[in-house]
Amino acid sequence: MSDAAYPAAAGARSRSAAPRGRLLDGPAGLAPTRRLSGKRIMIYGGLLIFSAYYLLPLWVMVMTSLKGMPEIRMGNIFAPPVEITFEPWVKAWSEACTGLNCDGLSRGFWNSVAIVIPATILSIAVAAVNGYALVNWRFKGSEVFFTILIFGAFIPYQVMIYPIVIILREIGLMGSVWGLVLVHVVFGMPIITLLFRNYFSSLPPELFKAARVDGAGFWGIFLRVLVPMSLPIFTVAVILQVTGIWNDFLFGVIYTRPESYPMTVQLNNIVNSVQGVREYNVNMAATLLTGLVPLTIYFLSGKLFVRGIAAGAVKG
Amino acid sequence: MQNISMRRLLAGAALTILPFGAMAADLEVTHWWTSGGEAAAVQELARIFEEQTEHSWVDGAIAGSGSTARPIMVSRIIGGDPMGATQFNHGLQAQELVEAGLMQDLTEVAEANGWRDSINPVSLLDACTFEGRVYCAPLNIHSPQWMWTSLAAFEKAGIEPATNWEELKAAAPALREAGILPLAQGMQGWQTALLLYAMISGIGGADFYNQVFAERNEDALNSDTLKNIFAEYAIARDLASGGNLSDWNMATNRIIEGTAAAQVMGDWAQGEFALAGKTAGTDYGCHIGLGGEPVIATGGDAIYFPVNDDEAVTEAQRALAQVILSEEAQVAFNAAKGSLPVRGDIDLAEVNECTQAGLETLKAGNTIPTIDLVMSSDSRGQIEDLTAEFFGSSLSAEDAHARFVQIVQSEM
Amino acid sequence: MAQALRAETRSELDGISVSIRDLSLSYGAVEVLGDLNLDVNDGEFLVLLGASGCGKSTLLNCIAGLQPATEGQIFISGKNVTWAEPSERGIGMVFQSYALYPQMTVEGNLSFGLKNAQVPKGEIARRIARAASTLQLEPLLKRKPAALSGGQRQRVAIGRALVRDVDVFLFDEPLSNLDAKLRAELRVELKRLHQSLGNTMIYVTHDQIEAMTLADRIAIMRGGKIQQLATPDDIYRRPANLYVAGFIGSPPMNLLPGRLDGSTFRGPLVADVTGYDFTTRPRGGDIVLGIRPEHVRTGEAAAALPIQAQALVEVVEPMGADTLVWTRLGDTPFRVRLDGEDRVRAGQMLSIGFDPASLSLFDAATETRI
Amino acid sequence: MAHSGPPIRLFQNWSAKLAATPMILTALVVFIGCSLWTVVYSFTNSRLLPRLDFVGLAQYERLWSTPRWQVSIENLAIYGILALVLTLAIGFLLAVLLDQKIRFEDGFRTIILFPYALSFIVTGVVWQWILNPDFGLQHIIRGMGFSGFTFDPLNNPDLVIVALLAAGIWQGAGLTTVIMLAGLRGIDEDVWKASRVDGIPAWKTYLFIILPMMKPVFATCIVLISAGIIKLYDLVVALTRGGPGIASEVPAKYVYDYMFGNQNLGQGFAASTMMLAAVLAIIIPFALFRMGRKRHV
């Protein structure tokens, strides 16, 4: 239907051809946006101030770790190094002493790796199955156990430290890495179970029903239907557990032997093993090294981390 | 089945053929000796152990202090994952572990090596003995009652170095004038408590110290002497104000640098002086009992050997116990750490004047038991809390005294 | 498989595909299904219709074995499946949300159940090919569900039931996630599918159009009980009770309360109901008179009918093909559906009339049809 | 075959029950069992080793007459209230700022949250360094010409809480911000449209409309923050070790020190039982509140 065929349409066109002449005084068209209103300045100003509060310690850590001790004594902790030295990093990584062991954090790093990997895998496996059973295979009392589990997340660890020593002794795992792994599995269980429970209950229940009609059993549904579609939540759980277990200090110090101390304990040892003058640059390098793994994971995972903690915390 | 019994047979044969104790073991030794001088001393002990036996020393240092390390040690022993050997301040600390049968009986080693004859004072061995059996090997004697002074600091202030508590008090204004901290005092509970013990024995004397801690004599506890000591203790708090120190060796470092005049600390401070290349008499001064009554506490460190089910480790434990009391180890360890040997039959070839003074005091028998020998960890912890609170607040000397008496009296 | 099941058939269940006997389900004190009995014939298309929360989906889940019943029995193809696993019941099920496995391709979705049942590979391929051709899924087989449109997903979901080669299909509101146009299309497709396959289908919906168009029989449910089980025509013309009368039809039936004296109804209008097909012996007393808006005639057509009245037009809703007129009989609102060509204005008086044969009368106390 | 009724309950869902065994064991043995064990032994005079030698409430009497415990409780109360209020305020403020459709939102959020990825030990060491009077903030500001400037919270018993707060909030407020932001994003856009049409200024909308709508989010944050506060231990150990004196002691550290350091298990258990009671006092009302709400919906 072409416009020209209809006089009415032609009239419409002639109206649209003459808008300029018809404008009255006053605002017209797109409202101007002031790029920097007072409000915007306040918003960005506020954010920048907070960013400074959050970033300064990181800045100070990095700067201090790159300075030599004489420069630290002279100068300003915020100032960048005049002469960059990586000596503190080398020392923190491989030379700093605790007692007779002068292999720095490197040993703690590998210990942490050896603890984090099995603990993360196991705790997530257990918690994922828990969440699945809680959502899809409720049984009498399952909610009660879950409630206890969530209560458990808030019980101060101090209440349970000693009896756990006894439990670990009874099952013969005291002092072994597996004992520590077990402790991490236990204490990671509440929050990760909650995470998976929330995730699985957000999936359409029909999917589970369809899989049952299709003849899949408890493990079949879990492994072949639910797990493949739960990659995001698994990623989130891995991030939470790796950072959480990596950062643990209390369990690491109590339930392991010195030769398998995780990195945080090693860090505390190095920082507190004062031999003569405190070497702040080495301490800072050690601190950064210890924080590097969780920080890397954090920066790489970006939104997933945020989504994970929000998912774990807001619901539930 | 057959395999197992064959293996056992072979193992048995090996045992009989090989000389006794030939199974080399890794012996994990936990301790909290992590400062410079301490680490050097451990280094010596480990070296001698590895040289004299076929076993290896696995170092299990735990940084911080005894209060950080002890929980870890205790939980491991209780948790059935014992280390090969562990440092404890001997005395009541480990008694319950011994009672529970968690500690190796060393009586045979002790008798074979004549510990009872060589250890001086013999009370050190008594502290290791429970119901007639020996359960630990004393390693060194520590006397906490020393006042260390920086001669450079006094020189800078243009006054004579203080040789006792009274002189230090008198010198304080001049020192402050010169920007020097009169008393370098770490703010941790065990350090503030150490100062109190040193003042009680140094100002009150050995008998008074015993009356207070060992006998818990009511008259002594409520005496003017003790009240006066608490008043002096409050003065010490003033002398230390502005120091902002926490670790003991940070405080010792101030003496080494000459930015503080005095520190009351145990003889292990000498290890730091030695490491910094300072010489007694020319760089720093030492004054037993704060320059008052020269008494020395015969406590110190002892090594305990938790029971374990590995024969090779048990063997290594006995070997270490033997090494600890050997002359070579006693000399090397104590020289590095700045403490005194537990054997009276050793001639320390070249000891500085401070160690010499300590040895003489020891020989003269001017000894008092360390706090660990007479008080439970519980009470000691409470005293540490009290003194830490005292130093970190404006708690009055009277109140501190009253609470101190209460803690001591509640000791069972 | 179907053959094997039939071998056990008891004579009592001959010709009956799904039989539900004294089924009840309660959560604690809350009764969701109560003493339910239902026989579905072989090859029948049965629709479970009701408002949300009436228990229709629960009943379907019970049949599927996804929801264990508290009491009673379920027979499918003559076999007691009360305790059987869903996959052992010889059913296929299609869900409202499609419930496709997102990480599997269409082909994977279709084959998952067969693989679980350890069907040989060749047979799987054969069945998928057949289902794909029936549902025109061939070009989609390698795609993942995320790459499909709503209608395509629904077809895959149906296909997943189809490949199982079962006697009974269960549909749980399968069309309600689609837009109106697509829904109408798929409705026809479903009907065609049923005609060509001849399987038993049990279909849950809250959409009465779907129910009316698809069903051989409709079971209207409310509060866990079946209100009426009948053909769509019966349900429309002879609702068994007030609930069904009000539920079916859009706009719903006009319901006028009044009294029955002999054969005279006295309410907002007075009407002689002689000619009404009573199901029970007529008794006087409080009743409700029901008349569907589309059974009301107006103007000249009304003049010829036994029951007549004057109604005041309040609102006129032209809907193209027909026009809905909201009137008032005395104080009682009364809806009339007119032909789209009729012209009426608000405020005008309208002569209406209807035939007693098109009425439904209900006992006001028991709410059942009289 | 003809009789009705469910199969034997015990064997229903047996794989589910089997799979949930770790959870059941954790819940019963660790969380319930260990807590009860600790509570029971808090009535004994166990010292280095646990012994069932009951002494009634003696441990509790002593606990509450111990100045260090009182200081610990006081510190926890002061720190707790301040940390809770400040974290909520900062978290909400930051979330509101981030919610203004700003540029670089991801960048800002990353900056605010990154300390949460660090351990308390790391946080403690960093802040110890920044607050070091000879090198850190005080030194810098004095160097700028304010020679009389004094800010040495680590060595000032009255200010040491400030140091703990600075470090604790630095590490923890990011989490609150992210949760609050998620909460803000969860609020219906139409609320904003309505308030714009009604001409209500943004700050008023936040304060009087959005804030009340965020009650559940706040409740979650409060529970999370409180649980963290009660557990406060690592940070104190790494930053102040309870000092100066006993000025920054906290209950968790008291428990730990008494259980292991002072070899008075009974006392440590009594203190940890008090902590447990405090946690229950926070959690139970919250749980009841939630359960009550669920039932109403």
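Just so it is clear, A, B, C and D label the chains in written order, and each chain counts residues from 1 on its own.
Please note the rule applied: a contact is a pair of C-beta atoms (placed from the backbone, for glycine too) under 8 Å apart; a residue touches a chain by one contact, two chains touch by 3 or more.
Each chain and its UniProt protein: A = Carbohydrate ABC transporter permease; C = Sn-glycerol-3-phosphate ABC transporter ATP-binding protein UgpC; D = Sugar ABC transporter permease.
Everything numeric in this text was worked out from a predicted model, so none of it was measured.
Undergrad: Determine the set of chains touching chain C that also touch chain D.
TA: A
Undergrad: Out of A-D and A-C, which chain pair has the most contact pairs?
TA: Contact tally favours A-D.
Undergrad: Relative to chain B, which chain has the most distant C-alpha mean position?
TA: In terms of C-alpha centroids, the chain at the greatest distance from chain B is C.
Undergrad: Cα centroid separation between chain A and chain D, in whole Å?
TA: Taking the average C-alpha coordinate of chain A and of chain D, the gap between them is 17 Å.
Undergrad: Compute the distance, rounded to whole Å, between the mean C-alpha positions of chain A and chain C.
TA: 51
Undergrad: So what's the Cα centroid distance for chain B and chain D, whole Å?
TA: Centres of chain B and chain D (C-alpha means) sit 38 Å apart.
Undergrad: In whole angstrom, how far does the Cα centroid of chain B sit from the Cα centroid of chain C?
TA: So the centre of chain B lies 89 Å away from the centre of chain C.
Undergrad: Please output the residue numbers of chain D that touch at least 2 other chains, ranges allowed.
TA: In chain D, residues 256, 259 touch at least two other chains, as defined above.
Undergrad: Would you please write down the residue numbers of chain B that are in contact with two or more other chains?
TA: 71-72, 75, 78
Undergrad: Mind listing the chain A positions that touch chain D in their complex?
TA: 43-44, 46-47, 50-51, 53-58, 60-61, 64, 72-73, 76-78, 126, 129-130, 132-134, 137, 139-140, 142, 145-149, 151-164, 166-167, 185-186, 189, 193, 217-219, 243, 246-250, 264, 267-268, 271, 280, 283-284, 287, 290-291, 294-295, 297-299, 302-303, 305-306, 309-310, 313-314, 316
Undergrad: List the residues on chain C that touch chain A in their complex, please.
TA: For this pair, the touching residues of chain C are 61, 64-66, 85-88, 91-93, 95-104, 112-113, 116-117, 160, 172.
Undergrad: Can you name the residues of chain A that touch chain B in the complex?
TA: So the residues of chain A touching chain B come out as 97-101, 161-162, 165-166, 168-169, 172, 174-176, 253-255, 257-259, 268-278.
Undergrad: Show me the residue ranges of chain D that touch chain A in the complex, using the header's touch definition.
TA: My answer: residues 9, 12-13, 15-17, 19-20, 22-24, 26-35, 37-38, 50, 90, 93-94, 97-98, 100, 102, 106, 108-122, 125-127, 129-130, 132, 135-136, 139-140, 143, 170, 174-175, 178-179, 181-183, 186, 217, 220-221, 223-224, 227, 230-231, 233-234, 237-238, 252, 255-256, 259, 265, 268-269, 271-273, 275-276, 279, 282-283, 287.
Undergrad: Given the complex with chain C, which residues does chain A contribute to the contact?
TA: Interface residues on chain A, with respect to chain C: 204, 206-207, 209-216, 220, 224-225, 228-229.
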